[in-house]
Amino acid sequence: MIDVLYFAWVRERIGLPRERIETSAPTVRDLIAELTAREERYELAFADLESLRVALDQELSSFDAPLAGVREVAFFPPMTGG
Amino acid sequence: MIDVLYFAWVRERIGLPRERIETSAPTVRDLIAELTAREERYELAFADLESLRVALDQELSSFDAPLAGVREVAFFPPMTGG
Amino acid sequence: MRLVVQAAPFDLGAEANDFAAGLRGAGAVVTFTGLVRDNGGALSAMEIEHYPGMTERAIGKIMDQARDRWALTDALVIHRFGRLLAREPIMMVATAAAHRADAFAAAEFLMDYLKSRAPFWKKEIGADGPSWVAARDEDEEALKRW
Amino acid sequence: MRLVVQAAPFDLGAEANDFAAGLRGAGAVVTFTGLVRDNGGALSAMEIEHYPGMTERAIGKIMDQARDRWALTDALVIHRFGRLLAREPIMMVATAAAHRADAFAAAEFLMDYLKSRAPFWKKEIGADGPSWVAARDEDEEALKRW
């Protein structure tokens, strides 16, 4: 089980801020493939990975990073703080 | 007649903040020569022109600038504002 | 060093004075304050979403880096989230150092990293409705100078 | 744009708030404040001499240049003269712009020029008695980047 969090327009497209997911996906990219296969709203949210960022346990990471041992995955657009 | 102003350690070496001087010196450099010929305190103040700045009518200028029409000459060390 | 992430408005002047009052040996204080722009009245509000937990980690790490790179006497970051009105302060950075070069460089470094690496997302609520602020290429570009 | 040359102390926070309150269309406010350093208690005071008349002309010209070079919403310079105590503010610069790059660049430009081109002279009054602050080569060097 892994916590998956969504922020900004990713959250709006998927329609919820977080969910717990049962998955054995070895990498972030595999998890995204699982999710997009599920429902159109995921396909819509993950259509352009170039415009997405991912954090694993609150650290910016890459889509090819392994998920083993990770408790929290977050997807969001590029940050616009400051 | 020209107003001559001194600031910071130039003022301290010469011993006064300003004086009116009757001069026909054509340039700043000539005025300095006139003053240093007068008294030792001027010689002391103007010993190293590299460490001095001059302003003519409140504009930074050069030692070779002409004095014609100038009402106010100021001598001081490099500025240390801010 | 102090980091505050809050929904409530803050008073730029009071924060600047508090920051300066605690300093010893500082000759230079730089503050940066980001305001919600009122584009001729077109923008009425802003909503800022953030990632609690990661926000504090990411900014803390950026502040540690700033302290390692420059001789800072102190540093402060305040960043708001939630709903903000036009002309309200969004965030503030303050840096103090013996000399101005360190204080300016650290403040600009903190700002460049906060813009693109702290997990905040701005939504502008204007006359045409709400829209997510897009990341600017020049903000990503700005990181390369450090 | 406002320029103040005064002997009296000023309140950094109050000035920053006044400056920010008057802004329209600004997204970024940068302030720089110079403080009398208390080098572990060694420096007890500072005396600043200036050239009345030229001071206002020189700073006014620097502010005009900043306004010509960057898209500024507003700018403020306050500079004190006379006797100052340790940890008191010596001077302050504030700049406002739509974007942070302009506000930062203009503030640093104003500071670099104030350091070496505005007619102020600082005398430190420390444990060893008074001594005129020497101009630093790096301050003169800093002007070359503009």
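Which chain is which? They are A, B, C and D, in the order written, and residues in each are numbered from 1.
Throughout what follows, contacts are C-beta pairs under 8 Å (C-beta built on N, C-alpha and C of every residue); 3 or more make two chains touch, one makes a residue touch a chain.
Source: prediction; values computed, not measured.
Student: Quick one: which chain's Cα centre is the longest way from chain C's?
Tutor: Of all the other chains, the one whose centre lies farthest from chain C is B.
Student: Could you tell me the distance, in whole angstrom, between the mean C-alpha positions of chain A and chain B?
Tutor: That gives a centre separation of 72 Å.
Student: If you average the CA atoms of chain A and of chain C, how many Å lie between those two points?
Tutor: Centres of chain A and chain C (C-alpha means) sit 26 Å apart.
Student: Would you mind pulling out the distance in Å between where the CA atoms of chain C average out and where those of chain D do?
Tutor: Roughly 22 Å separates the two chain centres.
Student: Nearest whole angstrom, what separates the Cα centre of chain B from the Cα centre of chain C?
Tutor: 48
Student: Quick check: what residues of chain D touch more than one other chain, meaning two or more?
Tutor: In chain D, the residues touching two or more other chains are 34, 100, 111.
Student: Two-or-more-chain contact residues of chain B, please, as numbers and ranges.
Tutor: 82
Student: Using the touch rule from the top of the page, what pairs of chains touch, sorted by label?
Tutor: A-C, B-D, C-D
Student: Which of the residues in chain D come into contact with chain C in the complex?
Tutor: 11-17, 20, 23-40, 87, 89, 98, 100-101, 103-104, 107-108, 111, 138, 142
Student: Can you list the residues on chain A that touch chain C in the complex?
Tutor: Against chain C, chain A makes touches at 5, 7-9, 11, 55, 58-60, 74, 76-82.
Student: Help me check something: in the complex, which residues belonging to chain C touch chain A?
Tutor: Against chain A, chain C makes touches at 34, 49-51, 53-54, 57-58, 79, 90-91, 111, 114-123, 132-135, 140.
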